[in-house]
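There are two complexes below, and they share chain A, which is joined by chain B in the first and by chain C in the second.
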Partner chain A sequence: MYRQKYIFLLPGLLVLIAVILFPLIFTIRVSFSSWDVYNPGLNDAGGAMYARMWEDARYWQALWRLSLLSVATVLIQYLLGFALALLVWRDIAARRFFRVLFLVPMMTTPVVMSVIWRTIFHESLGPLNPILEGLGIGAQPWLSHPGFAFVAVIIVEVWQWTPFMFLLLLAGLLSLPSEPFLAAKIDGAGPIRTFLSVTFPMMGAISVGAILIRAIEASKIMETVYVLTSGGPGTSTETVSYYIYIRGMRDFQIGYSAALSLTYLIIMAVALTLIAKALMRLMVRGAGA
Partner chain B sequence: MLRLSNLDLAEDGVPHLADISLDFRPGLTTLLGRTGAGKTTLLRAIAGLAHPFGQISFNGQDWAQLPPWHRPVAMVTQQFINYPHLNVLDNLAFPLIRRGEARAAALAAAETMLGRVGLAQMASRRPSELSGGQQQRVALARALVKGAPILLLDEPFVNLDYNLREGMREELMALLQSGGETTVIYASTDPREALRMGDQTVLMSEGRALQSGAPRAVFAAPAALAAARVVNDPPINILSARLDATSLDIDHLGPFPRDALPEDLPPGGYSLALRAEDIRQNGTVSARVALTEVSGSETVTHLQAGAQPLVMLERRVQSHPLGAEIRLALDLRRALIYGADGALIAKGAAHG
Partner chain C sequence: MTTTRTRLRRGALASTTLAGTALILGASGTMAQDYSRYGIQADTPGICSFEAIDAKDYSGRTLNVITHAIPVIGEPTALHAQQFQELTGATVNVVHVPFGDLFQRIMIPFQTQQSAYDVLFYGSLWLGDFNPYLAEVPEAYQQVSGMQAVTETYRGVASWGGKMLQYTMDGDRHYLKYRADVFANPEAQALFKEKTGRDLTVPATWEEYNEVAAVFTNTDWDNDGAPNFGTAEVTKRDDLMFSAFISRVAPYAKHPDVKGGFFFDLETMTPQVNTPGWVRGLELFVAAQASMPPGGTSFGLGDEIFSFGGGQTLMSYSWDDAFIQAMQEDSPIRNKVAAAMLPGAAEVWNRDTGQWDKFDEPNRVAYVTWGWTSAVAKDSQNQDMAFDFLCFFANEGNTESDLQIGRFGINPYRDSHFDPAFYESALGWDKAVAETYTATLKGIDTAPNQVFDLRVPGVGEFMSSLAAGVARAQSGEQSPQQALDGVAAEWTAIVERIGPDRVREAYANVVALEDR
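Up next, the complex of A and B:
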């Protein structure tokens, strides 16, 4: 009875298989081969690629670096985005102005934006160092020093994606009911206490959503690193996706990059699930008086 | 004592508060007025949420520079306002914790209050999981647990159904019995509520405080025509009358016996305010039925006698077809008599 309803599910199911399941299963199969420029094709290499990955310090360093980069950029984006959203929350004129202004970085293509920032950070030709010298801080080795290059990547990511966080959080703030704020005033909560006890907890669900969306995007960071630093100096700004790109697309080690990709996918899925649960517990269910 | 002196507040030329000067002492005072009379604005001004010109002081302390969160005030509004992200117990504990009480003590006090309002079983639920009546009970409990010396109640039960409203009102009265020296200000549009609840009542209209005093005294003798309109539900009948030495003539209704009004009333033009219960059937004034409202065990009939609208209140459920002609008897001996300036001059002969 009502079997025909499954016919309507079929197109969606076929797309799911073609777009997600087939590439995933194919990647699993490739990861158990040693397909490279010398041995093209799906041979059987067992777990050799995974064993190699286990001892590949560059991969794990890239993963650790990516984690740091993601946490730092998303945290700064969240704090800045929230602060800006709070600033314009009650001011309609400012809200319109900032909403338009902040769309500009989001609308810029990451590669174009990274080229512009690479020019800004250029140590002899860029405008940043003369400005810093004018301020008495002195020129900095933005793209030639590992630490500064890492900071440069963070700055560019924050510049581009803080507006996204701002817009999401502003939408969240505008959707909050006004009554609890009135109640908080009457119940003796000043502005700071109202923020901590009412605004912030009521923004819990939207905050978790915004942080997770940005964390997922940050975990895939590639274009900024590719254009701005090419993973350098050395490998100091190399992220996992960039490293997989080097192994797969530049060195053509297809089997090995498939093993790296699959492991990366599993680690990210587990990590993001744990982060989501922790954030939900901390920011949504844990909200108390 | 809470003292309001010369409060004025207008927005876009519309007066919300106009020269309000009132003293509120411990006990329950009702603010009675129609929608838009300024009751909510007045309560918001006391709470610090509206900022009128004039002075508000409590026990001699000027509140001009005191922000809402430092005022010793609790408030319940028409809307069911609670903290949606907190459970019921934390909702009640919130004002106590904000005041600096230890969390354990605040939770214990909140639990006790929750028991008093009959919601002990709901402590761990979020407000959104409660019915409207329960949500308002939480809001009321949160206001009461604070133990503030001033409790502002802005038509707290208006959004509840009739039975729940009656029940909640009784509960509130019982809870306030133990309120001690609390100054409770209860805004209402319902004169019966004001009569039943208040130690004092203040009549408000168009941002002005028209009259204040004991509810029964105010009801018996509204000092002005506007006050008579506010304090009566169903609406009081206003009749334009002309009196001379031998006769009484009422616009649109014709002549009436002169002796219905006090003998010593000098000839002139007057407004007679006649309550709906002082109009009955089986008289001489002809009127047609415009609308019939049955409320509980009473029937309110709106009639048209020529150009004069009339309202009649009858006991029990009555059936009057629309457009039907009814012969009315107006007991003018029970009328309130107002002069040209709208001030109460005298009462009809039956008031003695």
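Up next, the complex of A and C:
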């Protein structure tokens, strides 16, 4: 009865298959071929690409580096975003102006901003080193030293995406009920106690959401690395996405890059699920029960 | 994408011109149209001339062209496509693609048998990958004056297995550029003598290059109040750094008396990249980092051009761009620069004997690297129009005009391009500059010891692996020997994957060019 109702689901289902499932299934198929510049097409290579990946130290190093980069950038973005959101949450002068100002970096194109930042970090021509010298800190090898280059990538990512964290956390703060704050005030709680006992716990769920969204995005860092450092010096800033790009687009190893991508997808899905569960237990009251 | 279609009313134009020229030519009966509005000095007669192309009618037909982003090669492609449209009535669609995407944007349609493009502009070193998909240049086009004037070196670059598959429209090579005014300055000469005990000369070896660079690093030798540096080099991993590295390695590893391969031993297909000659080159490349400007260890090609062309550094080596930048009319160092062959090596690794051989005259190796090229797809349904477009693009008038615009990226490749008088009259260069430039280019073209790019299937993967290894040594992650051992292992694996015979067959084309 009413079986015809399923017909109405068909358009959505077809779109889903076309947009999501087909590319995914095709990628899986490609990953079991050795499609490259000299072996075009979908042959049957079995698990050769996955076996090769297992021995590819550069891929695993890039994965480890990406983990560090993601944790560092998301953590800093969360702390800064929360601080900025708290700043403009209360009645301060020019609150609207600051709210818009803080969103500007997020609205710029990542590639364009990476070019701008590369110019800023340029050790001969950029404005940053003269400023640091003026402050007595001295010029730094921003893009030519492995450690500094890694920090430079973090700086750009934090600058670009802290506004996103700010936006979500500000929305969360604005949605909080006023009664708990009133009760805390009556009980004589100061601002720090109020934050630790009222604001932060009530922001737990939205914090987890914001961190997870940013973690998913951070796990795909590509444009910044591509423009700013090209993965160098050496391989010190090479992330998984960039490495897959090199293998797939530069070296034209379509089958191998598909295997790398799928493995990366699975690792990220598992890791982010575990992170989400851990964060829920830590930051959301009642979630661990 | 250029889609504008502005067919000239050739009949009307011809009538107007007829009236004018008839008065001048009188009874001769010969009439030539004036194409100077296209920026050319003269229209050289032949099937590629403006006049011959103007006589063609491709109305209603479409030519699809893929090329690099504007300006390098992309801008002249768009310009000549527009002219071709105007002259023939064809519709020419030009797709501009950033460099990082160009290879796969060409290769995927080839592999999936889509006739996406008729005409392709790309890096000539990709011939090892693209050759199965390209149409041979018809004999008629090989016989035109413009093609006959292409030097033997660049005809070789365009050929594969005895067939000309690429239509030559650019010539590239690496050479040394230096500040002639500083080398001639008595104060600089005295400083160098004081620091090294020898006279300041244009570096004949890479050891000398590093020594000169070190002496003049962090000193204000141009008295502009800002520190100057010794050398600007392309050191950024994925920004054609491999070419810079090969320039440094070649004289130590390309023995003039040892034939049979520079990158591989052609017989065994054993990679040579971790042999002592290559390691010596990398050690010197790494050592030179101390003489680079701040950030110089991550310089891309653009940085290198700007650093030398802007007067920051004493020496540089790569393609023409930095030299042309330095010679721009608004350049502060215009006519203060000179060109020379790449430095050489007094000791060269002999892989046959497993020893270093000493040379009284340094071993100089000319590195003919990269270079833009063009071709017509084998499955194109418009091959006649496509070859007409390419021969028009590269006709004498257009090329002489393009050579004068640095950002176009078109560099000398015909015998006539090595005439210093052209650069003096057309570009206003000083005689000495024009002479060192053309003598250097001609010297490279006729050098007895040459190295060409590794034009085999998977060249992108080989070079990517090489660049990553060199970058590891540059950043101190690994020693030069460790880094190149890693590259050799990767190259061996790549060869095994592709098939040694297949790579050997392709590499034999490169070796044939080097050993001729």
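As a convention for this text, the second predicted complex is superposed on the first by the 281 of 289 C-alpha atoms of A that agree within 3 Å, B and C clash if a C-alpha of one lies under 4 Å from a C-alpha of the other, contacts with A are read in each partner's own complex, and residues count from 1 in each chain.
Methods note: a residue touches a chain if its C-beta (ideal position, glycine included) is under 8 Å from a C-beta of that chain, and two chains touch if they have at least 3 such contacts.
Predicted, not measured: the structure shown is a model, and the values here were computed from it.
*Asks:* Does the chain A-based superposition show chain B and chain C clashing or fitting?
*Replies:* fit
*Asks:* With both structures superposed, pick whichever of chain B and chain C touches the larger number of chain A residues.
*Replies:* Residues of chain A touched, chain B against chain C: more for C.
*Asks:* For A:204 in the superposed arrangement: first (chain B), second (chain C), both or neither?
*Replies:* In the superposition, A:204 touches chain B alone.
*Asks:* Is A:37 in contact with chain B, with chain C, with both, or with neither (first, second, both, neither)?
*Replies:* A:37 contacts chain C only, not chain B.
*Asks:* Once the two structures are placed together by chain A, how many degrees is the angle at chain A between chain B and chain C, based on Cα centres and rounded to a multiple of 10?
*Replies:* Apex at chain A; the opening toward chain B and chain C is 150 degrees.
*Asks:* Would you check which partner chain A:8 touches, where first means chain B only, second means chain C only, and both and neither mean what they say?
*Replies:* In the superposed model, A:8 contacts neither chain B nor chain C.
*Asks:* So, does A:124 touch the first partner chain B, the second partner chain C, both, or neither?
*Replies:* In the superposed model, A:124 contacts chain C only, not chain B.
*Asks:* First (chain B), second (chain C), both or neither: which does A:141 touch?
*Replies:* It touches chain C, and chain B stays clear.
*Asks:* Looking at A:193 after the superposition, I want to know if it touches chain B, chain C, both of them or none. Which is it: first, second, both, neither?
*Replies:* first
*Asks:* So in the superposed three-chain picture, is A:177 touching just chain B, just chain C, both, or none of them (first/second/both/neither)?
*Replies:* In the superposed model, A:177 contacts chain B only, not chain C.
*Asks:* Of all C-alpha distances between chain B and chain C after superposition, which is the least, in Å?
*Replies:* 50
*Asks:* Which residues of chain A touch chain B once you look at their complex with the stated criterion?
*Replies:* So the residues of chain A touching chain B come out as 177, 179-180, 182-190, 193, 197-198, 201-202, 204, 287-289.
*Asks:* In the complex formed with chain A, which residues of chain C make contact?
*Replies:* Checking each residue of chain C against chain A gives 100-101, 103-104, 107, 111-112, 129, 236-239, 293-298, 300, 303, 306-307, 312, 457-458, 460-461, 464, 468, 471-472, 474-477, 497-499, 502.
*Asks:* Give every residue of chain A touching chain C within the complex, in rising order.
*Replies:* Against chain C, the touching part of chain A is residues 34, 36-38, 40-41, 58, 122-125, 129, 139, 141-144, 146, 149, 229-236, 246, 249-253.
*Asks:* Residues of chain B touching chain A in their complex?
*Replies:* Residues 47-49, 67-70, 73-75, 77, 79, 81-86, 90-91, 93-95, 97-99, 103, 106, 139, 142, 146 of chain B touch chain A in their complex.
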